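Paired with subunit B in one complex and with subunit C in the other, subunit A is shared by the two complexes that follow.
Here is the complex of A and B:
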């Protein structure tokens, strides 16, 4: 897969260049850390273009506050209690919705995967409900749940639920039949089958569902807070937009991005603890 | 996937060898769906227990949906319904097609060409962890009109997913195929046509299905906050004016649209990847 460009773009130092150790050294460094060097150059170019978008008149980018203002705004925002309260609220909602999705989704998924009757009865219903974008449930959630807090958590739950369910079913339905037969012929009962065959075989895809579900949870919390709440990072983001604080909008976006990234990484860690027999993925 | 006898799953569906099993599965499906609608009917229409009393009734919603003269002005017989449907579907198709063509090209190039990857990767990695919906305010600021902002947000949702999956697809291709093709004297174009594209196609199509769902999802959110027409916009407007039956109609329509669009992609994928045959039990 290494393309022809590799060979052409970074040849090893030619004899003529050996006389100039510095440039040869740079060439060698660029050759070895190609991705790093080119990537850094791209990022620098991007930030420069962003910073000077207004004087240069770059369309689109010039509507965005320059990085220096974003840094200043992030300093203000990070030292305010509003921001940290918003973070705390969002994280709590994520935790609640995500945990509910696991607690309800995994058992239903396992039941559907191990019981033919349950699968053929429940799966068609999920096929009807699943294509509805979770965001469209927001008004229904507001009508149904007594508090806004509950409807936000419900929306987060719903976003993660389908992924968790599908991954659990998918994992449990790929189990090799011979394992089951081997276990049965060695005298396993139903519990043993579940505990030593179904659960370990399904765990990796449950973990995958958790990681993807966490990403969707953040999408959902942002949507629900923007549309139907008056606290949390999503609300702070929308409010910054409404009061025309362009730099603060970007700080909120980045904060949500970082929070999402960190929580996915944490879930990945937890996943590795749950499936220690899996090689490093 | 050989259909396991006691561990059924999405793969070992009603397409079993015995026609009897097919019928049983069909009746069970009907049973499940009936239980769902019956519980809606009983909880909301008949007993109106707890908060279910607030929700729109099944009978009223259905009557509204199929009434030629609906109470709140929207049913499958009114022009307004099709206007919203057309607005949303048009946006999704437009944004999805652009996102897919751009995403597949960028994904293949960055899975294949070192330079391209080195340039694109850092920018993508910077933007990708941010949830699409968190882009809404920024995109509204950047784009000249609300309509273009909604389309841009729908585009973004599919764009990142398509790039990522295409890249994974290209990098999943065994190095041996490239070497074989090169030693047989394939041109770069022939390698692209006969190795890269077919090799990445399964991943691309998995990506496209996720991307389509993401498109609808992002569309609804953007229409709610900044739209002037469309299914998502109408869901929110109906909620706002307490026309809950209209809301149900719109939500059901969104579900149907989502289902149909992902079914089309599944079919297209199955057609383009005929050579894969039954190796995966036809699940893909």
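Here is the complex of A and C:
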């Protein structure tokens, strides 16, 4: 028994304990965690190149403030109320535009997929409007909506809306006919069919629309704030550029990136709650 | 047993009559007695599923009529209407993957208002235990194996106490061993819950093992080529597969089935060449 226990613990013993020279231990570590080591090395190389881009004369990178300055600038920015107000404003616009896109896009999509009349009525309009990039709507939005706030939310809404609509239609119109037939045999009425078949069968596509739509929402809010607003992260980013605060520009970019990443992760969470049966065998 | 008499009269079905006009079924006459297990065998594409869909109320007929206990359930005049007296176990399975096993089983009687949720649950638990699926009630269908899913789908059908149970190649995707276990489960269940069964298969051995009656279809357009009564007493176990009478019936029918399969194959080749 004792010998077995020793044998089992042997592989986890450190190289030094086993009398292996340290360099061999490092080589083994590199071999086992090859991806980690390469990734870390690339990152370190990148930050070094960025930091010393100006003395080294690296084209492109030398136009950007070095990381040490960015860190200093982020310290200043993160302790200012301006930054947090901008975050708050952008997040509110995202939430409003994104929620509207779901509330309007999902029901219209479901209706278009399940009702031929609705489909043929709405489809031509969407086909004309859909190819227009949401950003191209900004001037019209400013004229049409009474406040800049509304215009910005509208652009965010529009960005997410198309993807929500298309995903919902796609999901709801490709439901396996067997499910509908099985439900009818089992005594479903129209409401049962919608509630227990159409809605859950479309849910994975709706979740996909939410995930992609959230990404587009951030693109739209930044673009719209740059042009049509005087608050928000997009505005702050543009403003930093105008006053030549290079390090602050980078901080704003990173902040938007992080916000986009966090909101995608949150939406992913929500998606898993909405489709608990997914991701199984 | 007085429920579940099925009769088919001059049943004809043409798909897409204005376009390519696929004649799927032509002049099908057949009677299935209450409680009889009728196995349908025929080459793929001969119209077996079409006939089952007509009984289930998923497709209308082009001509002829189908009656269940004297009530017409399919004619060219009426639009197709499914009903809980004819429940299908689908060729590719149609358990709702977004709901638990228990919900799948109990949704029928609850939606029909025949049982309260609690009653249905109690009933469902008993049935699940009968098919060796105790403890699976809160799982999602996709957590189950192929054979387990089939059992759940059969239970989902039986809990509605249908007059006819319609099974469309239910064990097709299963391995040989699971398949033979499933066949015995099905026969056992039918002893406890006797039903008229309309069972499609392309496996002659399966048809003879399970069926009281085996109906062989021609290649498309599907017509009835031969009807054979399987005079091997039930309950049957897998030992009968090697009994002289079984082998005799199998020998007599396999030539017929093979001829039709060849015909279907050649017709397919011709269609491809065209």
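What we mean here is this: the second predicted complex is superposed on the first by the 259 of 281 C-alpha atoms of A that agree within 3 Å, B and C clash if a C-alpha of one lies under 4 Å from a C-alpha of the other, contacts with A are read in each partner's own complex, and residues count from 1 in each chain.
Please note the rule applied: contacts are C-beta pairs under 8 Å (C-beta built on N, C-alpha and C of every residue); 3 or more make two chains touch, one makes a residue touch a chain.
If you're wondering where the values come from, they're calculated on a predicted model, not measured in any experiment.
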item	value
Room on subunit A for both subunit B and subunit C (clash or fit)	fit
First (subunit B), second (subunit C), both or neither touched by A:275	second
Contacts of A:170 with subunit B and subunit C, given as first, second, both or neither	first
First (subunit B), second (subunit C), both or neither touched by A:29	neither
Which of subunit B and subunit C A:196 touches, first, second, both or neither	second
Per-residue touch tally on subunit A - higher for subunit B or for subunit C	B
First, second, both or neither for A:186, with subunit B first and subunit C second	second
Lowest inter-chain C-alpha distance for subunit C and subunit B in the superposed arrangement, angstrom	7
Touch list for subunit A against partner subunit B, complex	1-6, 9, 34-35, 37-40, 42-43, 46, 60-61, 63-64, 113-114, 116-117, 119-125, 127-129, 131-140, 142-146, 166, 169-170, 172-175, 177, 180, 198, 215, 218-219, 222-223, 226-227, 234, 237-238, 240-241, 246, 249-250, 252-254, 256-258, 260-261, 264
Interface residues, subunit B side, partner subunit A - complex	1-2, 4-12, 14, 24-25, 28-29, 31-33, 35-36, 51-52, 54-55, 111-115, 117-119, 121-123, 126, 129-138, 140-143, 170-171, 173, 175, 178, 188, 213, 216-217, 219-221, 224-225, 231-232, 235-236, 238-239, 244, 247, 250-252, 254-259, 262
Subunit A - residues contacting subunit C, complex	176, 178-179, 181-189, 192, 196-197, 200-201, 203, 275-277, 280-281
Touching residues (chain side subunit C, partner subunit A) in the complex	56-58, 82-84, 86-88, 90, 92-94, 96-99, 107-108, 111-112, 140, 142-143, 156, 160
